[in-house]
Amino acid sequence: MGKIRYRRAFVKENIEVCRDLYHLYLEVDMKNVEPGHFIMVWIPELEEVPMAPSLYRDGVMRITYKVVGETTKYMSGLSIGDEIFVRGPLGKPFDLSMNGRYLLIGGGVGAAPLIYAAHRLAEKNYSFTYVEGVPNKGYKMFIQEAISMGGEAILYTEDGSEGFSGLPTDYLRDNINDYDMVLACGPEAFNKAVYELCRDSKVNCQISMERIVKCGVGVCGSCVIEETGLLVCLDGPVFSVSMLREKGYDC
Amino acid sequence: MSRANLEVELSGVKLRNPLILASGFVDDDPSLLLRAWKAGFGALTTKSLTPKPREGYKPPIIAFTKAGYLNAVGLANPGIESLPHLLSKLPEEAKVIVSLAGSTPEDFRYSSEKADKAKVDIIELNLSCPHVKGMGMDIIHDISYSLEVIESVVSTSSKPVFVKLGLTDTYLSLVSRALDKGVSGFTIMNTVRAMAIDIESLKPVLSNVFGGLSGPAIHPIAVRMVYEVYSEFSIPIIGVGGVDDWTDVIEFIAAGASGVGIGSYLFLRSVEKIDVLLKGVEKFMVDRGFSSISEIRGIAIKR
Amino acid sequence: MSRANLEVELSGVKLRNPLILASGFVDDDPSLLLRAWKAGFGALTTKSLTPKPREGYKPPIIAFTKAGYLNAVGLANPGIESLPHLLSKLPEEAKVIVSLAGSTPEDFRYSSEKADKAKVDIIELNLSCPHVKGMGMDIIHDISYSLEVIESVVSTSSKPVFVKLGLTDTYLSLVSRALDKGVSGFTIMNTVRAMAIDIESLKPVLSNVFGGLSGPAIHPIAVRMVYEVYSEFSIPIIGVGGVDDWTDVIEFIAAGASGVGIGSYLFLRSVEKIDVLLKGVEKFMVDRGFSSISEIRGIAIKR
Amino acid sequence: MGKIRYRRAFVKENIEVCRDLYHLYLEVDMKNVEPGHFIMVWIPELEEVPMAPSLYRDGVMRITYKVVGETTKYMSGLSIGDEIFVRGPLGKPFDLSMNGRYLLIGGGVGAAPLIYAAHRLAEKNYSFTYVEGVPNKGYKMFIQEAISMGGEAILYTEDGSEGFSGLPTDYLRDNINDYDMVLACGPEAFNKAVYELCRDSKVNCQISMERIVKCGVGVCGSCVIEETGLLVCLDGPVFSVSMLREKGYDC
């Protein structure tokens, strides 16, 4: 019970990538935060929201977030030294145990847990390709970081302002058979497209899903993936395509 | 291992075992209810449904304390009209308790008329939510108002009606008077109003400040209430509160419960884990030579 | 480590720190009270004393539950006449709260007159023991009777009078009306009526069947009551219930308590162990830059 | 919290030594019951009383008890296969770590924890003398057992019907300087006498004390040793003479 308590997190940096996209660096002591895990970020005056760290190393957690509403707006105004509160880690992370060729494919801010996964894969010397899809070049997040780890990194922009023009799912469609494992995270439509491609080509795939997380611990039912009975916060957020299929995500 | 018979009867409704999904736990989506049924519950309780859908409070809606959990979900629910949809995936044989919440006798009558037409086995009146103004404890603290609510449902419904009690000074007299009105049984108990202050921020954790305490913390209170009600009235009781392992299930039954609600057990545990409880209960029965749950029911009552 | 000032004031009584030995814990013998004082408490509460000595219930008088403890001591005590003897070993500077129990206003007046003459700083009226008929919850459930009891003491006593509350439906209105009668503060809270059934024997553990739940289980309820009373009345409060480590002490103070009672912490722990709590509180204050307890008091109240 | 729970104990034997003295053998699973520890014996219909086992080995606990009141009377009527309930172990046991010459001196049923201590000492190959004082030869409890372990064993009877005539404290008075450590248990007057002898001759001594134990876990205050602030159930039941002295047992 007493397990899930808040920890104080001190803002070290809060960097604007582009108008509504930020990297927040937090000094916080938390054990065992793996790629794909999420934490709950609590702003006592406002709300508590789920975030999947884009890195956690040496007591510093990076949260890459998009301003979409009140809480993320508030976060964008945080300054160095401010304190917020986090609890976690929650959920089940990516399974990175298989030694093989990984494709990491992120839609928008969904890239956050994937770049963290890339770090882990690089540490293990597993080969990976990192594909990031963003609206335009201003939103480019982790391409440089992926390259510096020795991975292959491919950018897709919707407006063609840099890298390939189009959606990262285009890459997946064309190269799916070159990989042993696909890791994906993005908006629902993106995830669905990844799901269908991997289901049909029978490639191993894990997708980090997003729903409204309220309790974060599997009791309120808010984060259910319709039709499947699966809970994002407890059974996920990372699900294998085969699990989703078995539980009726197709319906 | 040899087997024991776990079946129980609750106001004429036969359950395959005494474990009942408590109201408010992963029970507001058809696929979740189906999953819970497949996990092996004897019956499922829906989230408390109000005449209109409710949003509920903003997160944090839960807090962890050393000995239990706090929640202030705020009766978030999709509304009574969603009931047929909620039950749409369940197989014919599934047993369902629909939980109703509201502010007035009219609210409850409105919802119970809908429930009456749906495939539900028991109607449970939640008069005891401790964190929503006008919808829970405010009702049960007022015995005559509670009786009006109860009457508005019992007088029109064809299903057995249970009242869900919270911890109040006068619950035993409510029980006695509710029985006179034709209530079939009681669900004992709801959460207890409580709060937690986070030591890092020095702020209340719950966005609503106050919430309901559940989990192991309240178990000894729930056992006492079940024991008191059963020893005085010998009526159908669903014991709920702090079941954390199979011994707590047996404890409720020994105190007089026929059904045992499972709620906070599901914090950070998937519904399939109730299997551990079922196996534990069965092993206990086999080891100790009990062949049916009814042999254990009320066995601890000191006369 | 640098130091913080732990002194607090409770209705004009200065305590060296906020920790107060709760009533009923190793407090019915002069040598035990002395030992507790030496261990570092800011004040000591005596066992609830009745006009005549009481034997109490037969063992088992305690039970262990997953989240707390149950006791049904039955108000065993050496009687109010023993008060001067009980305090005889304490040094001049020791702060003492005498707890009184009884059935009638006359009982309380009788005892408080004795207490008034003894070296005590505060008189605490225990109106909330949950397991002795006619002596605890039976009083506090009846507000006007409680007020009679309170008046019988306040009207004659020269010492600050605290009322020890239990969890009841109406405690906030009792608080408001007791303040009108001249009560100085409140001790919040007593144990909650509960029980445990032993799974091996399938019998109630306590010889009295019902007892009072204490320990971590009730802490979130106690914090809520302290918060509710402090935010409404801003009066002296002793928070008691489930303190298990220093964070619980801070939580009580942040909710509005000036003093913090230590009871179940002493299950299987000697009184000297409160040193751990004192050190923890002090370190927290130094780390977080608080120089006095009053800076923390009520800090969590949301306005 | 959940720690102290009851265990079912099945009666294997209940042997009458003499009219009001019995050995009760219980089959019960309990961890770490050491000599000097006590357990609470619960008869649900009656009461719960403290007892210090006179042996625990291979899942069988021996309780040697004297019938003094209702509960012990009930115990004397237990038959093979009956079940009772026990919780523990509670309190602090004898400290048997010192390698030296031990004198074990028991008054009446107080011999119970001492013979258990003798077993432990024998296992360690420490030398010991076991002295038992009883009203008459009918009450002889453990002399044979002590001898069979290779220890010296001396019986005192009050009526002189066997062994030495008199009290075991007589032995202590005369031989106190032959020992490095005295372990004692008996009625209060006996304990007090042992205390004074050992205090004055400055021999190490541990005494197991008896008071009314109600809660058994240090909260109710019932078992206080007057003047000292010491609790039999939590600080004891075994106390060193130096601790008792420091806390004012002399007063």
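Order of writing sets the labels: A, B, C and D. Residues in every chain begin at 1.
Keep in mind that, in the parts below, contacts are C-beta pairs under 8 Å (C-beta built on N, C-alpha and C of every residue); 3 or more make two chains touch, one makes a residue touch a chain.
What you are looking at is a predicted structure, and each value in this text was computed from that prediction instead of being measured.
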Given chain A and chain D, the chains that contact each of them: none
Pieces of the assembly after leaving out chain B, positions unchanged: A | C, D
Cα-centroid distance, chain A relative to chain B, in whole angstrom: 37
Chain B-chain C separation of Cα centroids, rounded to whole Å: 33
Separation of mean Cα positions, chain D and chain B [Å, integer]: 50
Multi-chain contact residues (two or more partners), chain B: 65-68, 203, 215-216
Multi-partner residues of chain A (at least 2 other chains): none
Pairwise touch network: line, ring, star, complete, or other: line
Interchain contacts, given as pairs of chains that touch: A-B, B-C, C-D
Residues on chain C engaged by chain D in the complex (per definition of touch): 24-29, 31-32, 34-35, 47, 56, 58-62, 64-69, 71, 73, 76, 198, 200-201, 203, 205, 207, 215-216, 263-264, 266-270
Chain D residues touching chain C - in the complex, by the definition given at the top: 1-8, 40, 42, 44, 46-49, 85, 213-222, 224, 226-229, 231, 234-235, 248
Chain C partner contacts - residues on chain B that touch it in the complex: 65-68, 70, 141, 167-170, 192-197, 199, 202-204, 209-210, 213, 215-221, 223-224, 227, 242, 244, 247, 250-251, 254-255, 284, 296, 299-300, 302
